[in-house]
Every structure is written in structure tokens, then in C-alpha cells.
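Following are the structures in question.
The following pair of complexes shares a single chain, chain A, combined with chain B in the former and chain C in the latter.
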Partner chain A sequence: MSEQPGASPVIEIDHLTKYYGTREIVSDLSLSVERGTIYGFLGRNGMGKTTTIRIFLGLEDPTRGSARVFGLDSRKLPPEARARIGYLPEGHHVYGWMTVKECGQFQASFFPSWNQDIFETVLTHFRLTSKMKAGHLSRGQRAGLCLALTLAPEPELLVLDDPALGLDPVARRSLLQSMLYVTRRADRTIFFSSHLLSDVERVADRIAVLDGKVLRADCSVETFRRQIRHFVLKFRDSPPPTPDIPGLLESFRSDREMALTLVNVTPEIENRLDALQPQSIEPVDLTLEDAFISYVGERGEKTFFMNGKESK
Partner chain B sequence: MSLVFSLSPASDIPIYRQIIQHIRRNVIQGQLQLGEQLPAVRVLAESLVVNPNTVARAYGELIRDGLLESRSGVGVFVAEEMRQVFSNAERKRRLDHAVEQLLHEALLLDFPLPDVRATLEEQWKTLQAQLTNRRKK
Partner chain C sequence: MKAMIWKELRENLKWALLAMLALGLAEFYCLLEMNDSSNDSAATLCKSSFLTATTFGCAVAGIILGLVQILPEQKRDQWAALLHRPVTRGTIFRGKAFAGILLYLLATIPPFLACIWYVATPGHYAVPFLPAMTLPGIADICAGTMFYFAALFVGVRRGPWYGARIFGFPAALIGSAFVNDIFFGVSIGVPTLMALVLFTAGCGAISTNGALRDQPWFVRFATVGTVVCGAFALSALTLSILFMFSLRQAYYGTSYNVDLEGRPLKFIQGKDGLTVTDLTGSPVHDQRFTTGSSYNYLLSFAQVTDDIMGDFGQRKAMPREMEEGYRNNRTYVVAAAGAFNTYTESWYYLPQERQFVGYYTKTKQRIGAIGLNGFRPGYEEASPFPARIAASLYNVPAFVQFGSTVYHNDFDQRKLTPIFSEPGTPVFGTAPMESAQDHFISQNWAAVALLDKMLVVDKAGQVLATLPYHQDMTRWGSVYIAVTPSKDRFFLQYYPSQWINYKQREKMPSFYEEMDAKGNLLHTYTLPPIAGPVEMPTWQGYPMEYLLPPPIFVVGYLAYDKVGALCGSKELASDLDEAWTDEWGSIKSFLICGSTASFLFALVTIAWARRMHFSWGRTWAWALLVLAFNIAGFITFRLVADWPVCVPCPQCNRKRPVEEIKCPHCQSLWPAPKLDGIEIFEKRSPIAQTVS
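Take a look at the complex of A and B:
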């Protein structure tokens, strides 16, 4: 899954801005997704994730900036390009009056590349049978049907908008397995949004973090975890005032301790921690979820950007 | 080696490091024999339901540390001879760290030093015996 130098990205978003009326939904967003990657799109609700997805799929026009898919302008995607994209929208809508089998036949009529084996394999994973009425399915089963309908045309680019919403743990695991199965072929790309950071950590090559309409990280999961660090400083007496350190995300103080969560820690910053003359400084590892919450939390400045041009 | 083991993604230990710990434990305890082939990256990734790059990274670090070796075109194997790739200072640092953890635990459980020493020697002998047996095979 190494990036081929010179190969053009599958998704390219360039200075994208979107207003609904006077309300800015997405602000000057730029990112690109290389072929063959599983790309996790993270951010709290209402941060413009779905809007961004709808724009690069050509379902809405940008106010400013542009989006390209397979190198083509999203505003004028021809049907042949759309046929190479699988899109699973939020909410998993189905035609309730059709049976599972009819849903498949209906969808298959739009896609010359329809693969009935994949359709049936995914149905089996979610314990669905062809006679079931789509309108009578549980939420998890409906998600399974929608996933089967999206995967069966063997799309080159799979776009999943919060696919795990409402799924039980077993169905979520089936979803992750399906995602890994799809990217067995190195030319397949997945772009998905999610709030389940443990799932994201399992499968994503890279993540983007949207916060307050702005992109605040575009890097590997590992880089994200490594860049956000938590230190517990112990003092003999009450700790000194919280220092004004660049990159401070969160701080907590107690009688004899100060706990700091920092991003982009440099040796100079470590020196400044030493200069507070604590009895001890203990670094504490954070889970991806803790790191994420600190990073997009209410406290702290929001001027940091994590960019991963890291080597492996 | 069992292909299925429990990862905890909610853990503060990154997934690739959990895989490293699992493989190291398997080699020391003998579930993985010296010279034995490991599952292909993609096979292990699919059974653990993780990104293949994560498994590749774990293998890569273990190869760098000398526990595994890569034979081009064939696969990844447990090294026949444990190469020591660390400097003496680094080996000492790692040992100190491990012993510190052990002693913290012993102190909290209120064991005196002779008990700790006796347990150490007992388990050392068991592990040595296992290792010698495996070399003979």
C-alpha cells in the first residue's frame, strides 16, 4: 500500500469553503487522499464532515474552492466516474416495501460491474436472507443491507459516512472486516467518517481531524498519538501557576500535582517543564480517544495543526 | 502461534506494540519455535482485524531488534540465533527498566528480597530448560 510517487490522489480537496446562507459550514479545507489508503475522517458532530463528503461526491456545490475525484471536477462528475464510487450515506435508507433480494436487483440494474457473490457474502455476514422485507429490518441489519448494496458493484472508491452508527459490536466487527477485505486490492481506497476511535485505530492508515470547520490534523494514527503527550508533574508543595507553554491543550492541578496535555512537544518545551522544578515528571501514555478528546476539547488554544509528512 | 489473540484498542498501548509484545511472549514461552515461520502480514492482519501496515510495522521492529528475520520471497521467521543488536548500555537500560517494574510489584505485594530472588532463580531455571530443549530438537 505504498504511495506511488506521481500517481494522482483519488480525492483532492482544495481550499474548500461552504456556506449555508450566512453560516459557514466548512472553512478553507484542503486535503488529499492517496490511492490504496483507508482514510478516517474524524470530528465532532456538526463540524462539516457530511457536507465535505457531499461536496466531493458532487451532491452539493462548494461556495469557494474545489474538489476533485479521480482527477475530475466534482461539480461535473460523469456517470462513468460515479459508477466507480460506492457511497454509503448516513442513516442507511432503504426502500421499505422491497425485499432484500429486490433491493439487490434494483441496485444491480444501475451497475454493470455488479458482483452478486459479494452481495450475498455480506448479507450472510449480517444474517440476512433474500425474502426479508427491507422495511422490517433492525437497524444493524439495515446497515448490513446498505453495505452489501454499496460493496457489490466493487467500487474503486468507497465513501462511508458514519457507517458504524447504531451497529452492535458484532456488526461493527463485520464492517471492519469488510473494509479490510475491500482493500486487499491495492487500488481500492476507503474514505470513512466515524466517532469510534478504537475502530479507527484498527483499520485507518491516516486520519483527518475536522474541528470548528477547520482541518486540524492530517497524519497517521501513530503520529497523532505520538504528538499528543501527557505529563504528570509532582511538587513538594502546591504547584506553581500553570505555565504559558505553546501547545498546551489541557491542564489539571491538584494539591501537589500538575497534569499537562501538550501537542508538538519540543526539547525547549521539555526544558521549560524542568524549569518548574518539580520533584518528578512522569510521561503518561494516552489512548487515541483520550488524545482526540484533549485535542478537540473545549479548553486550550486551537491553533495547532498536525501534519504528517512522516516517513515510515 | 495462535493467530487470534485479544487486542485492546482502547488501551494506552498502541496496537503495533501489543502485537510485538504478543510475539515476544510467544517466542520466550515456546509457542513459537526458533526458526518457525510467522503468518503472512495480510493473514495476521485479517485475523486480528487490523490494518496490514500495523502488522508490517510490528514485524519490522522485531526484525530490527533481531528476534525475527526476513527471508526474501519466503516470509518472516523467528531468528535461529538471537542476535544482540543493542549496545551494552542499551541492554543494561532495558534490564534496569524491567527489574524496576518487578521490584515495584514485589514491594507492593510485600515480599522480602530473598523471596523475590528465589522466585527469580526458579523461573530462570524453568525457562533455560525450555530453551535448551528447543535447541536440541
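Take a look at the complex of A and C:
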């Protein structure tokens, strides 16, 4: 039975830790995904996004902590719960020897609530015909077929692991549109990981950012963008050394300018910027992509000056 | 599950067809290939080369089909897409296994049926076909399922190849050893049981994410059982190879012979070549014996009986199955005459039908059958002989013995003539006399062993010599006979009876008796026992003896015999008695050394398990397993136990399991991830609906 939006979390991850051998992949991750949310799961490569997804889908066991989906322990998800979860792993695997129609028939035989209309709608969206051989499809078409197979059972929870990986812009747009089609009902939840921040910005309500195996952010897209701020400080002469400011993500110095990207900026921090006595301080709006790159990228000062000499 | 079966059938049909083709070609090649051995070529479906093809072919087909069903799908995301379905993983596995077995049967049964059709259709082979000859092939097909499930287990189990995963194959190898059992039921039953164990272990491996503790108890048993069997097979193989390469033999071969002049000699093949002495040990320098054809200058002894007291003595009658296993071609067909291509006719004895059948070698059509009621042409059945043929007459059927009647056999004339039969006089064996020098003797004279004497008769039944025994026939009942080229002196050679334990036999002397045709004893020679091959103990020999046999088998074997004896089984009581008397030395040695090794392994297990923070319950369970299965159990413990990953504790710096919340040393919790002030956490606001 579908519940009302916001009634209880669809995914609850509680102090989840995962090791591969002696290497810690995910550390003490806690996350809660409310029903009806479109959740973007972000992070650089190797930060544990796919591992986290595989754990809450019961495909891996957590080393410590737990994950629950629909209130059920992920390690013992019954078939009925799996029927409510649509999962699109990265790579968009299809059985190459099947036709598109056979792919649909094969998948439909497992799902009691298979919606053939949705399946065909998505196929049409990707210009796929039922007689096409899955092995002969382009990457985008294959992604479309996989999405059709994932959406047709009308899952309450749609989990997409980097769905747009390797797709051209048109295929990406089609994928997004199809994905959003599932949220025409308010009780549908989407949890997806992606490196394409413009897509995330377009559709996600909230994002979670994994950085260095730890959850660093769990907020709305708007909050994330708002909390990460970029200032350009202009000076008459050479800018002073980069100050030690809490929340400084990166700085960039040139002849007359100092650009600072900061997170969680408080009035006190703004006062410290004023204390540097710049000619002017210009706040610059960041896109989600810029904000994200600053947030998870290399921290510290970047400059054209190397060892006191100007580089060419 | 239907969809999964459909998918697997469609996906892997090509492999099954390929396997079918390859297996069919191999089986037909082996079937059509002529063999120099007349016995073997008579066997068709029981031919050793054909059985090699079915044994290895079915195993390889099973392995290939199992692996191609799993490995191509094992890429991480592809596997995830397969498993994330609203069915249990067990259902997915069962669907795969069911389809896989259908494909396996498709690959193995049609070629086998084609071979059956080929050999059973008249005109293809000048060899009789009996339905029972299909049993070895059926057993091989059955055993192949074990390798199929082993491949599934190897495919789905998580972990490195060199770990517990690969042990599925040697486990199947253990099961396949039982295919060679003499009983068809055992050779079907044990591999089926092993296939079931491997199926269960595979199902358990796919149903969990690798941990043993998450599996139901019977799946854990199946997994541990699989790896124990695999570890046992691998360690046996390794130690055998080590043993084989380092075996030092101090013995090269010694035998007694009689030369054409009737002089008993001792031939000692040593490091420095052949030495010939007389029975006093004095060297005999004779160039004839140093050539490669020394047998031309020695008498040929023919074994007439292996136990003169037979069923009348202490020995129980050996069940027929003990002599002729279902895989033995002689169980069904024995080449009797003209089985080589050079003959125009081939005759065979059918032990189960108790009659002879003949075939034209050119047309491959049946000539007829010879039984108790004489010759019956074509496909008419002859009456079976009332008793089994004497085993010693296989291969040389000029004289055959059924019960206590001896016949002369003449296939050209299509008749069997009784040449010796006395009511109330048991015959303990018949053999054609052998002579390397006189072909006439080989064709026309036979020796017939009675209770108190040996008769030499010709093919008309005329008694040529009567040779009374002068030894204790209850103990020296294995008798051979030879005649000098002058045909006036006979030699009987007495060996210890077969029913006597081999260790006792090794210490008993044998005898030559020289007699004339009237049975007058001319000489008796006592031949001191010849020591059997002496295998010098090597360092590899000790692990073979003390590490390998699982104590549970030795103790279980004795307990089984004991319980059987208490329940009244005379056979088990006899086995137990033999164990306490003849084998007690080796049992005691094993109980001391082998069990000590086992016990030491168990101690290491306890120490290791506790060091790795196993609970006491798990520690004792593993220790008991190791105690029961010795080194195989220890290998299993190392490979199958859920070993915790340990990392240094941030608090006390001692190793702690990553799965435990508290450090077992300092009881500290894991520290929370360090915050660096850039975190952005926001409480949830009412959800805004996204509209596409």
C-alpha cells in the first residue's frame, strides 16, 4: 500500500559503515529519504555512492550500521518490497540477444504491477521499436530501454545509479523527462546518483554529498547553492596573503584580485573579509556545478604565482 | 521462475548444442576406434576409451554449462540487475539450475542415445549388446550433474578463485570417485547426494552476500561439506604427488621359476640387474636367462584355482558383484574366441545370460548361441548353463567349467562337449595347460582341480595324469600347474589361499611339487616367502598417513562395524575382528599420530579463532570440525569461516574487528567522522512537488 508523502522515510540509513578489506569506503553515513522526494546523491568517483546504493538495496552487507527501505532491513528485503523498488544500475545492461519486446516480456513476468503503457511510452520517447535487437541499440537507446524496464512496474522508489553516464545531451534530456514522468504521482520517490550537476539542479529537491567517505551535506539544492558563496576581492596593489578563514574552500589570487569560495558564511566572516581592506568585494552567484566543484574539489590556495615568479 | 528458465534456455542453448556435438564426436570416435585388446573391443559401451569419453566429457560439459550460465553475468551491475527482482535469490538460482540441467541433459543424452542405437542395431558391431551395458554411461551422465552444480557453486560464491570458491571442483571429484564403485546404486547415489550438497551450497552462496553466518543451518552444512571434501581431495592429491615423486623402492622384483629341465630357480631383479640362483642360493650362470626371451626356457605355470577349499572352507562365497562391477566389461560380455579382426567369426560369453553367442566379423550379423541345449542359430536364445562360468577360464575358452562340469569348447563345430563331471565331486577350477614350447599342449590339455587332487585331461575327457596334493589345502589352496616339454613330469605350485589376509600371506612360504603322470611325488621344494615391495618411509609418507585420513572416518568405520556386529551382522563382525587383529597396528599408529595431529590442528584453531574474536560457540564448532577432519577441516576453517577484518583501534591502537561496535580491548566506540566546518545539513521543509 502506498503511504502519504512525508509519512515515513522511504530510505533510512543509520550509521552505515562499509569496509572492503581494511579499506573504509563509507564511514558512519546516516541519511533519511522522505517519501515523494527527488534525492540527488553526489560525490566524486570512489566516494562510496554506488556502494551505499547497493547496501540499501541488499546487494551488499554493511560492515556496521544498518539501512532500511520501506521500514524493512535491507539485508532481508522480501520480493514484495523489491517489487516496489525500481533499480537502474550504471552500465545499462540488457540481454543483447533479446529483442526490445522480449526484454519487456522477460521483465514483466517478474513484476505483478507491470504497466505496458508506461513501457511503450518510454520506448516511443527513445524511438525504440519492439523488434529491435537489444544488442544492436545505441548507448542512449539502451539507457532508454533500461529506463522503460525500470519504470514500467511503477515503482514507489526509483533508484538510479548514474543513469546519464555516457549519454549525449538529447538522450540525457529524454532520460530526465522519462524519469520525471514517474513522479507525476506525489508518493513516488527518486534517489539517484549523478555527476551531471545541471541535471541534478533541474530535478532534485534535495541533495546529499559524500566526500572523503563521509556525508558532508544533506540539504536542498537551493540551500547548498546559498551556503557556498564566492567573493571577488579587488585590491589596488597585490592582494594580501590568503587569510585563515573558517569554511574557506578555495582561494585564487592574481595581480590585483583575490577570489574566495566559502561555505557557511557568517557576518563575522564577512567582517574578516572587510578587514582585508579591499577596494571592493563582489559576491558572485555560483551554479550548482561550480558550488559542487568547489565543495568537493582540492582545497586551498590556487594562484598564478609559483615560487614568487609569474607563470606564463 | 518460468521466465528465468526461458531466458537461460535461450541464452545458453548454443553452448549445450556445442557440447552435444563435441561429446557426440568424442563418443563416436571412441566407439569406432579399434582396440588391440580383444576384451576391451568386445565391450562397446563399456569400452575403456568410450567410458573415458563419457566420464570426462560429461564432467567437462557440466563445468562449461555451469560456468557460462554464471560468469558472463557476474559483472557487478549486471549481477545486481539480475538479483534485484521481486523473487527470492533462491528462485533465481533454481531457475538457472533447472534450465542448466535441461541443457546439460540435452548436451549429454542425445549423443549417448545415438551411441546406444548404433551399438544395439545389428550390422554395426560384431559384438552383442545388452541393455545393462548402458549403466556406466548413465552413471557418468549422472556424475556430470555434480560438476555442473560445482561450477554453479564456483560461479556464484563470492571471494577469490583460490579460496573456498574453487573447492567445488575437487569436491565433485571426490563424488566422482564413487562412480567406479562396483555397485551401480552407489555410483548413482553418492554423486546424486554430492550434487544435492553442491546445489544447496550454491543456493546458499547466491542467497546471501557471502557470509556463512547468514545462511540457514543446512546450507552452512552443505557449504562446509563441500569445502571439506574439496580440501580433502586437494590435500590428498598434493600429498600423493609429493609422495610419488619421492618414493624410494628398495625392492625390484624376485620370483621363482622352473627351467625346462625341471630345476627350480630363483630370479632376483636387483639394482645391478638380474641374478639367478638355485634354491640354496648358489649362483646359476646360464646365458639363456639373461636374454629378453628367457620365458622360452622356463616352464609356463597355469593357475587352476585360487582357493581349493572354496566355499567349503573358511572363506565365504564372494558375491558376484564383488568380482564383476557394473563398469567392468566382463560383467556383460567376455571375448571367447576370434575377437580380433583376422577371424571370420567372433564368439563371446555372456555371463548374465550364461551362454555363448557368435557373430560374423564381416557382416556383423549374429551366428547363433551355444547354451546347455546346444547351438541355436541366428537370434534364437539358447538355454543358459545352470551355473556360472569359472572365472579363471575367461579369455581361454577351449575348456570351460560350469558348476562342476568341464566342457571342451569347439566353436567351429558349434558345440560344447562335457569332458568331466562326477556327481558329488566339486571342481575348484579348470585351466588349459600352458606351454611356451608346445602349442599342442596349450590347445588340447586341461587341468581340473578337485578337492584332493589335480587331474590333467585331454579334450576328449581322457585322464592323462592324476596328481594328488601333499600340502595343507586349507592354507595353500592357490594351485598352479606346469608340465615339462617331455610331458612326463608335472609341477604343482602351491601359494597361500586367497582368503588368508595378505599380511599373513606375505609371511607364508610356497611350494613346488614335482610328480610323474601317475602322481608319484619326485621332489618337494619349499620356497621361502618373498618380501613384497618395500616402500621406504619418506617425509612425505608421514603426512599421507597421519594428516590425511579424517579421524571421524576411522572412528566412524570402527563404530559402524561395532554397531553392525552388535546387531548380528556376521560380515561386519568379521571386518571388526580383522581390524582389531590384522589392522590394529596401523589403527593404533594412526590413533596415536593422526589424532595427535588432528588435536594439534584443533588447538591452533581455538587459538586463532579466539585471537580473531570469534565467540566461544563458533570457536568450539570449528575446533570440533578440525578435530574430525584433520588437515581438510583446518583448511576449511581457514577458507570458510567468517573472518573479521581487523584494523588498529584509534583509541588503543590494538587490532579490533571492524564489524564490532566496541573495541574488545579498550571497549571504546568508533569515533564519529571528524567535522571540518564545511558541513551543510538542513532540516527538511515541506516537500515541494516536482512537476514534469
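Of note:
Following the convention adopted for this analysis, the second predicted complex is superposed on the first by the 293 of 312 C-alpha atoms of A that agree within 3 Å, B and C clash if a C-alpha of one lies under 4 Å from a C-alpha of the other, contacts with A are read in each partner's own complex, and residues count from 1 in each chain.
One rule holds for everything that comes next: a contact is a pair of C-beta atoms (placed from the backbone, for glycine too) under 8 Å apart; a residue touches a chain by one contact, two chains touch by 3 or more.
Note that the structure is predicted; figures quoted are calculated from it, not measured.
Contacts of A:Asp205 after superposition: both chain B and chain C are touched. Within the superposed three-chain model, A:Glu80 lies in touch with chain C and out of touch with chain B [touch as defined at top].
Touch criterion not met for A:Arg127: it reaches neither chain B nor chain C. By the document's definition of touching, of the two partners only chain B reaches A:Thr287; chain C does not. Shared-chain residue A:His136: touches no atom of chain B or chain C.
Using the contact criterion defined above for the overlaid structures, shared-chain residue A:Leu57 touches chain C, although it does not reach chain B. Counting the residues of chain A touched by each of chain B and chain C gives the higher count for C.
When the two structures are aligned on the shared chain, A:Lys234 is found in touch with neither chain B nor chain C. Comparing the two interfaces of chain A, the one with chain B and the one with chain C have residues 38, 177, 180-181, 184, 203, 205 in common.
Touching chain A in their complex are the following residues of chain C: 2-3, 6-7, 10-11, 75-78, 80-81, 83-88, 209-211, 214, 645-647, 658-659, 661, 670, 672-673, 677-682, 684-692. Across the complex, chain A meets chain C through its residues 5-6, 17, 19, 21-22, 24, 27-28, 34, 36-38, 54, 57, 59-61, 63-64, 75, 79-80, 82-83, 85, 87, 89-91, 93, 95, 97-98, 105-106, 109-112, 161, 177, 180-181, 183-184, 186, 203, 205-206, 209, 213-214, 216-220, 223-224, 227-228, 246-247, 249, 263-264, 295.
Taken together, the chain B residues at the contact with chain A in this complex read 7, 9-16, 42, 45-46, 49-54, 57. Those residues of chain A that touch chain B in the shared complex are 1, 38, 173, 176-177, 180-181, 184, 197-199, 201-205, 222, 225, 284-290, 312.
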